[in-house]
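This is the structure I have questions about; it appears just below.
Labels run A, B and C following the written order; every chain starts at residue 1.
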């Protein structure tokens, strides 16, 4: 029973990671950029969500605000940071992204204070639900629900809608897509919007989960997100999902069994390094 | 007259990628001082075969012998050090180096052989002279000081050959050296390749440019669907019905 | 006076760290986002030896060797993965190092190692650090001029092409990591004895990024540029004390601006102005 509980908790964490990692893999698939700065939109979503929730007492409104603010910041980062340097070697974008990440983290600290803010009213945190001996709070359930709903929505979007098809075409061959009239620019903005909105939602959920929103909350998840997308195969969406869940479970079990040996956050990287040494292309191999 | 000792011997080489059999049971021999032309329609497996020969791809079955040595699983750089040298289909110069520097780094193969030894070597005169001679031989000495980014394709193709020659190869594999060149350039480079061969260098030449390859090769090997379709003197091979029909629908560049 | 010696020592240590990273990433083109881990390995190994009673010089040597040995191991990892993968793996190495150290009691866990014996005064460490910095500068300049540097360059530009002309790419990458990480280990060993207290957080990702910033601002690949970058980024926060409060903001903005306007750092500016490469 205990193991099942660890498994479930691991899957809940995996869903959190999935919301973050999907955005990373979307950006990588389109532009070959390691968008470490994803942490920024994640944290922004959390802060905005918290502020709106505390101000208006409405969680749905908080989510909408978080989604919009994060979703808009993403494309802005693309426009200001990445677009001017698309023609430069890859490490330039990576270093620039790191610059945004550490700069903005400090920025959040300066604006909102270093100690973090809490939700005045966090009903999901306290409401719990039990099944077969496993107890989850409502935030965790919403986390899974959000991941499932949003990712399914994304899959439908990519498969069925015109914009989704245009996006897929651009990912696989931007030149041909352009020849067919697809606006590559619009696809990029859309891509960043989706990636960032997902992260923003993830941010609010994690904020609710810990009942704390603080400046550095996005960084570690972003770094782990990088490990996840490598594991899943850079640019490989289903792979990323599998890797996210796998990591959540590995951490869950690892934090119990390897507690004396290794810090929890480092487990993601141990997992990554071990897997890569055995399969240099990642768990499922790359999409490119 | 050819000395009948095999420079290169390939036995039963096969490789499949994800279910697609790219090369199946290919066997061939290349005699010393021979100029073998490797041809075949698009997708026949020519590039895969070359990659198997140079070690970029490991075979599922079969062997590759350079003279008497089994090089089937030898790493790429070791094959190059043994004299088994390849030039790429899509030119791969070191873009931030000049043409001279590109050739120099190959010419300095003894100095760069072992990293720690390389640390102790600063003398560049010998490599520089050797590289310059090769550039002159290939007719691109005027581009010596120019960055590889700024010279035309013809120069890069010839620089690649110069770079390969700097390694003092025993066997040279040229992957479509004439691709992208205009008629004059192609003819000139083909003549140069024939000259190098006449000077004693064993060459395997993969080419789409049938006109040039039939002109200079001693022997032609036709690959189709990953297997050897024909192997013999150029005129005979090109006259065969099955060879012609293999090419129908494929890319054929014919110069008179 | 003490204060100036301290700053000079740190500047020199940063030069050593930055030049080491420059050798790996600049000369040989291998991305490394976990350089601070080797700084830490050297520091911890040397500290443990000294605390156990070993003589100073021996402890420093152990620090260098341990860092270099792990560097070779990571170098092997670099052989199996490339570019983007390598960036993340090296980042992971950094986190892994911290993750292990934080949990091990014999490594001091979160509290670190304190009361490390210190046989020299501030002046001694300053001299030692500056000596190491000068040695690294000479080594860097020599490597650049030698065939090793040229081979590194070929590997950095196109490792597949390098292989086909007989360059032992794996060997060169390993040597690059060895040289770079061993020098980080040296810096770590000196640091540990100088400050007499080392904690895990001194070797975290931010530290790796700081070293990277020095290399990038100075001009990746350029020895003198990197020296300038290291000195500048050590001295500026001291000259402009208020920067300390906004340190990460400034670094972040700096990285962003440099990448946007002059990815080749100061060396790039030098080249644009004078038309020549900065050594």
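Here is the rule we use: contacts are C-beta pairs under 8 Å (C-beta built on N, C-alpha and C of every residue); 3 or more make two chains touch, one makes a residue touch a chain.
It should be emphasised that the depicted structure is a prediction, and the values quoted were computed from it without experimental measurement.
Each chain gets a centre from the mean of its Cα atoms; the one farthest from the centre of subunit B is A. The highest number of C-beta contact pairs joins the chains A-C.
Per-chain CA centroids place subunit B at a distance of 42 Å from subunit C.
Centre-to-centre separation between subunit A and subunit C, using Cα means, comes to 31 Å.
Inter-chain centre distance (subunit A to subunit B, centres taken as mean C-alpha positions): 47 Å. Taken in their complex, subunit B has these residues touching subunit C: 54, 56, 75-77, 80-81, 85-86, 88, 92-97, 101, 104-106, 108-109, 111-116, 118-122, 163-164, 166-167. Residues of subunit C touching subunit B in their complex: 142-143, 145-148, 150-151, 153-154, 157-158, 160-172, 174-175. By the touch rule above, subunit C contacts subunit A in their complex via residues 31, 77, 80-81, 83-85, 87-89, 91-93, 95-96, 98-100, 102-104, 205-206, 209, 212, 216, 246-249, 251-256, 259-260, 263.
Residues of subunit A that touch subunit C in their complex: 28, 32, 34, 81, 84-85, 88-96, 98-107, 110, 223, 226-227, 230, 234, 259-270, 272-273, 276-277, 280.
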